[in-house]
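Every chain is named by a letter (A, B, C and D) in the order it is written, and numbering of its residues begins at 1.
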Amino acid sequence: MKRLQKPIIPAKITYDMTVNQLMEEFSGCAFGAGRLFEAREIYSEMINDSECTKFFGLAGAMVPAGMRQIVSDMIRDRKIDILVTTGANLVHDIIESLGLHHYKGTEVADDIELKHCAINRIYDVYLPEEHFSRFEEKLKPIFLKLPEILSINDLLSHIGGELDDDNSILKSACDMDVPVYCPAIQDSILGLQAWLFKQTKPLNVDVFADMKGLIDRCYEAKRTGVFIVGGGVPKNFILQSMLVTPKSFDYAIQLTMDRPETGGLSGATLDEARSWGKVGENARSVTVYSDATITLPMIVAAVKRGNE
Amino acid sequence: MKRLQKPIIPAKITYDMTVNQLMEEFSGCAFGAGRLFEAREIYSEMINDSECTKFFGLAGAMVPAGMRQIVSDMIRDRKIDILVTTGANLVHDIIESLGLHHYKGTEVADDIELKHCAINRIYDVYLPEEHFSRFEEKLKPIFLKLPEILSINDLLSHIGGELDDDNSILKSACDMDVPVYCPAIQDSILGLQAWLFKQTKPLNVDVFADMKGLIDRCYEAKRTGVFIVGGGVPKNFILQSMLVTPKSFDYAIQLTMDRPETGGLSGATLDEARSWGKVGENARSVTVYSDATITLPMIVAAVKRGNE
Amino acid sequence: MKRLQKPIIPAKITYDMTVNQLMEEFSGCAFGAGRLFEAREIYSEMINDSECTKFFGLAGAMVPAGMRQIVSDMIRDRKIDILVTTGANLVHDIIESLGLHHYKGTEVADDIELKHCAINRIYDVYLPEEHFSRFEEKLKPIFLKLPEILSINDLLSHIGGELDDDNSILKSACDMDVPVYCPAIQDSILGLQAWLFKQTKPLNVDVFADMKGLIDRCYEAKRTGVFIVGGGVPKNFILQSMLVTPKSFDYAIQLTMDRPETGGLSGATLDEARSWGKVGENARSVTVYSDATITLPMIVAAVKRGNE
Amino acid sequence: MKRLQKPIIPAKITYDMTVNQLMEEFSGCAFGAGRLFEAREIYSEMINDSECTKFFGLAGAMVPAGMRQIVSDMIRDRKIDILVTTGANLVHDIIESLGLHHYKGTEVADDIELKHCAINRIYDVYLPEEHFSRFEEKLKPIFLKLPEILSINDLLSHIGGELDDDNSILKSACDMDVPVYCPAIQDSILGLQAWLFKQTKPLNVDVFADMKGLIDRCYEAKRTGVFIVGGGVPKNFILQSMLVTPKSFDYAIQLTMDRPETGGLSGATLDEARSWGKVGENARSVTVYSDATITLPMIVAAVKRGNE
């Protein structure tokens, strides 16, 4: 019977096996392991497809969690052509580019005591409040040099160009000519800085100015693939960009813990996106429901090539 | 011992009991039921505090799920002073204000078949694709009348003023002078319409223009409370607005299924927000981890007053 | 188009509305609210079907959370014909039947300090350790009177018969001739008591002895319905009992927060159970993914009749 | 400040890195990646502690998912001293030991069609119904040879001794003298077989008979560690066995997607277990909230030694 063709083949663990070998062992497994293998398959096909424009959506506090280097390496390895992310990830990336650190803390913390110590908590990560003063000092002169009217992507390019850290996501994107989109940029400490600046100086960042560039890329692309970490605004902003084109994504991967049953877009299945025409009828897609700080590094490790 | 003062009192169900009576029964319960009772307590205190400025964050596909009337009634009942929401909720609100419907479908659907029938799926809700054409027709003349430079809130006010449906969230906000903020407005079909419009006509919506108004309200407020449905951008945008003031929220309620362990802001505890100074040291706060399409109506029903 | 027949009708909240009226408002809603309405519909049909044998599966710490009275009332209202539950729920039920309380605590507790205070924590519920001594005192004389060989159901009947609290689940089941099954009874403090007793006295409780009675009931039933709170052993033990009969469940409701993607039985959809023949092809079924301490009381309140 | 001592060090992915090297990279990360590193640290310490008795709790459909070989190898590698699992995992293990397979299917299936094809679905795994006939044939003669009174562990030893597959979990446990406990054994197809057998022949498996052996092991152990996959009955049965001893677990790891907020034992934090004295005050413990079919293999791979 055609439904009974692929037997489950139990995974076998061996001494000093590589991440890629472990992934191979997952090829006969089901549930999360099976999905992770499928994600590697799709991702491998996608990055080896030279005519595929590769979108990357980065939501969640991935930079504070320690995923910054992975993303900047992906950009420098040309595995990301277009990046859509949140203001928070960029703020934390800029902070680290100043040589400032986030710290391992604990999620069972006395938050009022932390407040008294001027430490901000992000789950089990601690961030000294004073880092935001350094962040402000860095941004002020950059803001002063901005043109009066610009797009969010322009604003981020200006900032990225002033960073002095090759491991920075924003700097790497700048160096590699990868556009960075950040639809809700005002929803971040960057937004608060902009408010402060606008108290005394003009600044006009046009909400919709980036859409043309993004949609043009969608039109031009021969094929498109999307790798979504988390969900949120980056997920939808990437997927919806296809709606006004006659195309749809050919490859789609999502790593998330969000669930479909609440009806929100973050947890929506990639199949749902097919009904909208965002993901193609014949596209390969998979969602891995597991912690992305574990699964993102695994997938990247499993397709890392020797010459990178 | 002080830890053992409040015995669990099992809930008792009676014939034809009101939602409020059920909530009273939850007063002696724990887990979700106990948290829901606590949410009602906080909410009741908050709306009876005449010096409290009430923020409302609305994320998730709450309008397609049937929560539109509840939110517009809350606005007209003066239970919301400032609304922060997503582009999607506004798009679906505008669509319904045109007399167009969403439909009950099923989440176990053949999405490719739906695509062929031009039906877009949002979990178990169906939306005919042609509604977006009607949406476009509605927006076009509004766009033509816009000033060339405006804020997102201005844009939404203009649209709200042209809607002819008192049950609309946007129209109700307009009528009641409740500002609506939508940081990631470009991440919605509205964003795609703006792109279309900008192909031929100038339009400049300033990303950061709304921040002054929002932060001014925070400064002016004697006390502040926030009711968060879902998480996402609305949650953070509201909470962060306090960061630049010497104040913090005095009341905070969140209804969500998101979980803290992924480290993302959506699932972050409200205690975490205390370490940042977003929520006050002595503020009452609670997160109810349960489906918001069930818990939002319950809380609203339990505090509904006779004269409303 | 047949797919677009049931428009979403936004819920409307009114002053002092009953739980049942709120449920009616959910009839036009989707996501959790829509599912909860569906659960009420199925449950209402099931309890009004006089030829339906009604199974109830109770997992999770429902008694500590304050759901004990609801379940014992359901038994006394003849809404439960067969109860399958966990050892923990029975232990906590017996403790409360001794006039001892659980207490409202907090889930952000110092567990080592609690240990030093001899307080056991169950999420945000506290239980003084000494209650278990009282539990032991209660059980000892009961154990002494037991026959040497018996089934788990027999053991529970003996205990239930010795309880002096009409609000007890076990006593109510005893009074109403509702069999109580508890497959993993050794996985509870009751199990530890049995171990203690067996150090000096013989006791032989036969693992498989209950299956005949349970399966006979399945064979005899004209129609069957199942209401599952949580998941776990009670869920599967009820569902699998149909496997050896030519029948399957005609009504099935599950209230849970567990998710399907991990592949475990607790979060498995009720559709999956159709492939096994546990739930019938034409059976009505629904899973409500929301906190059961909220949804169980709501459903019960919505079908409570005046004469009960 | 002592809270700011361990900076987050972003993970770096390199060509052909081993699973262990990836784990090393997680040492500076937070969220799930940080917890997984911590789990490896604890597990490594635990298996290198020659005086530590190692418990393993296996819940969830881990055998159908392809995790069977990993567990049987752990037993043969002496990384498991005592196994507590579910009836389902043992049934599926026995089926595979007969040379019969589970198959990769899909979770978006037509379950009624599957029913017609006599295929049982476990999320995205398919199992031909006829395998259960073969299972029955295998068990029948074994049942005939059983002593009339025995414990669950005895029953499982008898079955394990008759299996002819070194990759079987049950056979491996048998070969290595690792006791297997399965408190809710009647909650499985094995239970249904026992019911069938008891129609005509006597069989008396004593529910509480295993507790003495288990608790004796707890008393004898110098130190104890527990590795919990999933939650459910195995988790609690292991943890509670310490309650009657003056000891508590010294090492504790849990891999689960269950959440604490529902109050159920499966999702309860390991800290909660400290208030009960199940986990020691100074014990190292961690819960990794991520798919166990991914994290279990990773941890095992990261501590696999060359001579195994």
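In this text, a residue touches a chain if its C-beta (ideal position, glycine included) is under 8 Å from a C-beta of that chain, and two chains touch if they have at least 3 such contacts.
Since the model is a prediction, treat every value here as computed from it, not as a measurement.
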item	value
Most distant chain from chain A, judged by the mean position of its C-alpha atoms	C
Winner on C-beta contact pairs when A-D is weighed against A-C	A-D
Centre-of-Cα separation between chain B and chain A, whole angstrom	25
Distance from chain C to chain A - Cα centre to Cα centre, in angstrom	42
Distance between chain centroids, defined by C-alpha means - chain A, chain D (Å)	34
Two or more partner chains touched - positions in chain A	30-32, 61, 64-65, 108, 114, 119, 123-125, 257, 259, 261-263, 271, 289, 291-293
Chain C contact footprint on chain A (complex, rising order)	30-32, 108, 259, 261-263, 289
Complex contact set, residues of chain B against chain A	59-61, 64-65, 88, 107, 109, 111-112, 114-115, 119-125, 149, 152, 183-189, 191-192, 194-196, 198-199, 203-212, 215, 230, 232-233, 236-237, 240, 243-244, 257-266, 268, 271-277, 281, 291-293
Complex contact set, residues of chain C against chain B	1, 3-20, 22, 25-26, 28-34, 36, 61, 64-70, 73, 96, 101-105, 108, 114, 117, 119, 123-126, 128, 167, 257, 271, 288-295, 297-298, 300-301, 304-306, 308
